[in-house]
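Letters A, B, C, D and E name the chains as they come in the text, with residue numbers starting at 1 for each one.
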Amino acid sequence: MFAYLVRRLFLMLVTLFGISVVIFFLLRIVPGNIVDILFAAAGYVDPADKANLEKELGIDQPLVVQYWHWISGFLRGDFGYSYVSEKPALQEILPRIPITARLAGLALLFSASIGIPLGVISAVKQGTRLDYALRVVSLSGLSLPSFWLGLLVLTASVAMFGQMPLFNPNPQSFGEAVATYCIPAMVVGFRSSALTMRITRSSMLEVLRQDYIRTARAKGASDAAVNYQHALKNAILPVITVIGIEAAFLIGGLIVTETVFNIPGVARFLVEAIRWRDYPIVQNLVMLIAVVVVSANFIVDMLYAVFDPRIRYTD
Amino acid sequence: MTEALLEVTDLRKHYPVRAGVLRRQVGTVHAVDGVSFTVGVGETLGLVGESGCGKSTVARSVLRLVEPTSGQIRLEGEDITHLSKAALRPHRRSMQIVFQDPFASLNPRMTAGDIVGEPLAVHGLASGKELEARTAKLFEQVGLRPDQMRNFPHQFSGGQRQRICIARALALGPRLIVCDEPVSALDVSIQAQVINLLIDLQRQHGFSYLFIAHDLAVVAHISHRVAVMYLGRIVEIAAKDELFRNPRHPYTQALLASVPIANPLARKLAPLVDGDVPSPVNPPSGCAFHTRCRFAMDRCRTERPALLDAGDGHQVACLLNDGTGRGQ
Amino acid sequence: MRGSLRGSNSHLPLGEPPSPRPSPRKRGEGEDRAHMATIDYDLELRRAGMHATGGWRRVLFLAQRHVLGAAGLVIMTAFVLTAIFADFIARYDPLTIDAARALARPSLAHWMGTDSFGRDVFSRIIHGSRISLAVGIGSTALGGTIGVIVGLTSGYLSGWVDLVFQRVSDVLQALPLLVLALIMTAALGPSLPNVIIAIAIPLIPTVSRVVRANTLALRELPFIEAAKSIGMSEVRIALRHVLPNTLAPLIVLATAQLGSTILTEASLSFLGLGIPEPYPSWGRMLSESAAEYARTAPWLVIFPGIAISLAVFGANLFGDALRDILDPRQRG
Amino acid sequence: MADKSDLVLEVKNLKTVFFTNSGLFKAVDDVSFTVRRGETLAIVGESGCGKSVTALSLMRLVPDPPGRIVGGSVSLEGTDLLTLDEAEMRAVRGNRISMIFQEPMTSLNPVMRIGDQIVEAVRLHRVMSAKEARNIAVEMLRLVRIPEPARRAREYPHQLSGGMRQRAMIAMALACRPALLIADEPTTALDVTIQAQILALILDLQKELGTGLVLITHDLGVVAQTAQRVIVMYAGRKVEEASVEALFADPKHPYTRGLMASIPSVPASGAATQARLNEIPGTVPSLVRLPQGCAFAPRCKLAIKRCEEYPPLQDWGGGHLAACWRAADVAEVA
Amino acid sequence: GGPKQGGILRMYHRDSPGNASIHEGATYSLNVPFMPVFNNLVIYKQDVAQNSMDTIVPELAESWAWVNDNKTLTFKLRPGVKWHDGKPFTSADVKCTFDMLMGKSQQKFRQNPRKTWYDQVNDISTDGDLEVSFNLKRPQPSLLALLASGYTPVYPCHVSPGDMRTHPIGTGPFKFVEFKANESIKLTRNPDYWREGRPYLDGIELTIIPNRSTAILAFVAGKFDMTFPTEVSIPLLKDVKSQAPNAVCVVEPNNVATNIIVNSSSPPFDNIDIRRAMALALDRKAFISIMFEGQGDVGGTMLPQPNGLWGMPKEMLETIPGYGPDVNANREEAKKLMQKAGYGPDKHLAVKISTRNIPVYRDPAVILIDQLKSIYIDGELDVVETANWFPKIARKDYMLGLNLTGNAVDDPDQSFYENYSCGSERNYTNYCNKEIEKLFDVQSQETDIAKRKKLVWDIDKKLQEDVARPIIFHARTGSCWQPYVKGVTVMSNSSYNGYRYEDVWMDK
């Protein structure tokens, strides 16, 4: 097991290296760079100015050199300077991370705490009206684009309370904290809770027919105990997988939500940075996201072993 | 029993025992601990023993479904212990297994007909109508109705499932069938049918069986020779009549004495051996059976008896009477 | 909970004289007498599908049994047919601009009104089904197929293949979907195939992880061992034995994804990365500029919204039913 | 049947059917029997004849759909289980009536430790601390002769051999000392020495607690050694019922007689060669398309025209019931 | 009552400007938040909507004078003005600023989009700390107009261009506090402002909200005192009015011309017939009706009257091919031209129309494609990411492009030289007509406004007839603020010049 861990860690590093190469070169494949964009914004192109600027930013050097500069800096913790704001990239990125992390965490929590129980109920009551109702409700989560859901929430709040929750980085009251983080998180979570619920349902249906469920019933275990202790624990693997994936893709979902709710998190920031071809920001941010994703996958893998004793990771 | 179809030499299979958060290995299960035997062409070797003594592990090792820790398995003279998966595949036609747990060994999403017909399809022996006909034939052979071919495993009773497994094993006409308790879930009349079928097939085609069962009566009927296992080792092996008439190992004797007799007037349900079954993780020193043996001597606690010939090819691993076991 | 159990225990001491208790409540598993007496065997059998063997009868029976699923199938079929015959169904050219009839309310002439360009919303939705379904089905199929292959291979073979595949999907996963889409559209320009590929790529790790997780569990089951003992090739085991047993979550996932890819395209459009104008896709119709008309011309957002929702509902309801139908234990 | 107070279980005209797409399976068709305190009733019969479904019906655990108990009554200690609501039934299950399932491999929860599964059974019906329950669990495992019970209690089912799993099942079923124990082939996976131990254990507990035991088994040897009364089922129906002595001495139904003849015996006088066993020719009929009248008729040497009419259970004295028109002739012909 | 002191003006910002240096930018996203930080030498009077020579008032300069045959423009500077960091403001700062703009100093801007504005300036000379002179090559009366633009703040000498991008220092009514990209921009009152009693506001806070719907909702919900100026589209304006009936809203032209850039250097648009046909096919009214529900202006290069100062009279405009009221007649003519060029009902001309992937660019392009259908041209939209837009245009890798041209000041010099003179970098089409260029200089030197207007009209007409860069329409947009916000004037012929905000106050 220890050997396995060491190897996993090593492989995570390999993955991260792979990601760094991919993102680095993908960005370079995309036509246009910060200089083009700056000039586009200024509405003119002057070849001399352009060359100067490229030199200043070091993007005239061979790619390999640029890569080496970046990655060696990254390893030293030197993230370079944003091309756009000319501030240290780390200083730009860091304050935004907790915002998105909070949102993502809440969204996942919401998705799991709604999706799993509803999935269980709907599986247990398969074929009843309740099952139909829950499925239809969860589907509405899947069928509404999240920007519409977000706008709907905002519009409704304006129409009903004459108020709109605008992001406040330092919420003063509990209500503001809810408005700042929980509502957007719920909008994101609602969608992924639908997926969680459906996977839970399907997985539970599979498990509920197993003999050991009958055994549990035969012991006189209550429905709740049967469904949650016996069945759910057996059915949870695919659910964990999906939640893990959702966690990774949450960044994508958050882009739109951060835009609609105007939250200055990393997701929207990343999009802006790509638009500006702000390599130092994009590269480092993607790497940080990658670290999170890779760790999330690792945790998911470890959770498999926790939930299913038959899965053992040996060397 | 002229030539050996299967030859197992000093087979060992150890499973690691893990514990703790980091799942460090804290011990080893000596599931099979040095087992040697041969099965001749057209011969049935019965394998009995207490539960958990490693019979299934032997069975699965023979088919290379678990990788043995050490030892050698020769099929038709060829060493298959280290063959690659691909190289092994052609040999699979000549050896088949009937699993102990019939339900779990049936794919819940395939119909019984598909399950039984699949080996034929896989090895390209039949297809289309012919496949169906041959599958139907197999169903009839094991006492199932062909109209059950389109049912799913969960729709069968325990005994019926076991017969599906037998039919699947028979499909390829293998030379060796490892039967891991193939009739344990069958009622006696069908058990009789199946055993008769196995016997008939053996007579017609010279099949060999490694036949694992708890029911000594069944073993007695089908086997030519019988091996008795205890805690990962063979403690006694002999020709059937010799073994039943003249069991030498105290465990064998206890086994024979424990067989329930189908006569309500002759009740004798007092267990002959008592005491805890020792664990394969920490097998007792010396003779593994000494903890439950009524005749255990001091020597038995320290000295491990070897499997010795006590005459007429009757081998026994017991220290009593100069290593020939307890006479009758 | 436990208290009540003990309570009823006390009613059943050894040898207590029979005390039949009337029970008005409805029960889950067993049946009360009153009900037993009135069991309509024929009806029950019909429900079990006895009279529905083979061909159309079976389809009809399944449709009856899975009403929601049948509805889903009907919706999906309708959409597919719409997409195929869009040219015949649409009453106007979806691209023709007419300032004179801009922002017309829904009427007999324009069933779903017109947009700010004076284009007929109904015709645009009809034509939009082509693009939206192409995106939905195309990217789900593409991502799903590759995902299944990767997941099966890595789960079944495990070992280093697994490790490598998982790392690759880690890499894919670590690049957020919209980032990928941004980069793809920036590099290649926004076009239908590019959007499909951009949406399909993140599906690969999703599907492959689910399949792999299932495969890992299945690999340990005796019936896989049984398949090995027959001498089946690994590929065949993977396809015939492992895959069908992972089908249930796969179907649910795929149909859920089918819906969400349509939405993803909408999100891409929202960020200006979707299928380019003027070709109508439902997502584009719902995108940013439409949002500005949400109040003044609600039909601009209601109808494409309904179209998306219907497609998502259709796909998912059908998927649920398919899952149930393919579950042998449900077949009675 | 003089003293009814002695009855633990009284099953009357139990009828359980499966509604399947290939038709109506009458898995249990009009079966009645009783079990007294401390009594062992064995159920034997062809594989697939409805024994397990009978047992599941008693527990009200028949999978629905497709199964359904459509008639009869099951009274446990005077309470008709079929009229209880789910919550009341739960209080009974595992407590007053418990069951050892046929398939030990799949009947244990693969992701729960063995010990926890037993602890759960105990704590559902007894108030006690987790520690006490754990001790009981370990004790039960020891009782069923599992070595190193404390360690095994912490293991998962897949780490145990088949026999151990079955014993774990037994431990779980017995943990609450039920009034009625249904054992569906409890020892098929055990070697005879352990089987003897386990059966002795079950019988001990039975004696001590007055537990009624319904023992479903194929092993007629076990039946002979443990049961007081036996019912023989064929194709969903009870075809014979008798005290164990009467049944072995004088089976009245041709099917029972066929069964008896098929029993292999340990050759005391060793026949060196393999011996073919007696078998009953033919196969079990499909439960959907049962032949008119007696279901065994097509395989029966004694079948006559009248067998197209279903023979009622007839009492041959001493509670020996048999459903055969030719019960009187069975002994002579065979 | 009279103006009140105090309060922070909350406003949203439509997007995150790349940096804070007005001189390096070419979008009013920069002017709005940072103009309050600076002062110009002269400025358009902030409470008059229409910018013109007559509304130019002194700011850092106390007075100005044209001397030396109108070839020197001399400013007397205001004494005692301090930069926000406490350093005194002198004539050196002015010289530094304009030297840098002309590219003559050591320090360089990263980009310098308005360099051409000073093509006629020879050099800047100072006379003591409080006098500075612009020495011109030839008379250019409009230089003063350019200097009065919001685009022409005076930068301090002692701050490097790089620092000006991240932390601008000015002399203006508000001091820069912070700029968090994609988040917010904060300004605070400059207590040492040279103008007594100004500004009224304690500060200005801009929250960056790129999503227009969210932003408008927030405004309606009272989260903001003011929308981003000229960012409320016509449909949204209706929304605001219905949801917040008290809000004050104005709709004004923003002097941004939507136009087609034609690649006349390669087929098919090297053929003047096809260019003309295209121009004839345009139904400008339809554009305006779709994009602005009728609230837009048809005109030539210069913003039409009455908001614009230089727009040609309607009668003259309608004589230009394609501007005539009878669209169908125009299109018949266009078809003939197309047929002459070899196209017809059976032989359509396939054309790619490139544009940026932003609704204000994309939507007119979509309409254009539809309109070109009527004259045998099958257009296909080619949306281009911002990063690739100018390189693509510069490479001449397009056939038609749909473009927006914003005019910082309503003055022909600015728009003619910038967009149509032969060497100009912003002359994307590389349209080069020496004769017309001579006319540019003629009008530029003309000091008589009436005469100059006539010249300008003729030039404008010629430019349209050459179909170099046909103008489709001039947009109008809305701005809204809460009723208690006073002293805001939205300029009606420019969207770059009206954001000093020193006179804005809140009646709360």
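To be clear about the criterion, contacts are C-beta pairs under 8 Å (C-beta built on N, C-alpha and C of every residue); 3 or more make two chains touch, one makes a residue touch a chain.
None of these values were measured; they are calculated from a predicted model.
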Those chains which touch chain E and also touch chain C: A
Steps needed, at minimum, to go from chain A to chain D via contacts: 1
Most distant chain from chain B by Cα centroid: E
Centroid spacing, where centroids are CA-atom means, of chain D and chain E in whole angstrom: 92
Distance from chain C to chain B - Cα centre to Cα centre, in angstrom: 47
Computed distance of Cα centres, chain E from chain A, in Å: 40
Multi-partner residues of chain C (at least 2 other chains): 5, 186, 220, 222, 291, 294, 329, 331
Set of chain D residues in contact with two or more other chains: 20, 22, 61, 86, 90-92, 95, 103, 105-106, 124-125, 158
Touching two or more other chains - residue numbers and ranges from chain A: 30-32, 151, 155, 209, 211, 220, 222, 259, 275, 308, 310
Of chain E, residues touching chain C in the complex: 211-213, 233, 235-236, 238-239, 242, 283, 285-287, 289-290, 357-359, 362-363, 365-367, 369-371, 381-385, 387-388
Complex interface listing, chain B residues touching chain D: 44, 48-53, 56, 100-101, 103-104, 140, 143-145, 147-148, 151, 155-160, 181, 184-193, 195-196, 199, 202, 214-218, 220-224, 239-242, 244-245, 251, 254-256, 258-274, 276-279, 281
List of chain A residues in touch with chain E within their complex: 30-33, 36-46, 49, 52-53, 56, 82, 84-87, 92, 151, 154-155, 157-158, 162-164, 166, 259-262, 264, 268-269, 272, 275-277
Complex contacts: residues of chain C adjacent to chain B: 221-223, 225-234, 236, 240-241, 244-245, 247, 326, 328-329, 331
Residue numbers on chain A that touch chain D, as the complex places them: 209-212, 214-223, 225, 229-230, 233-234, 307-310
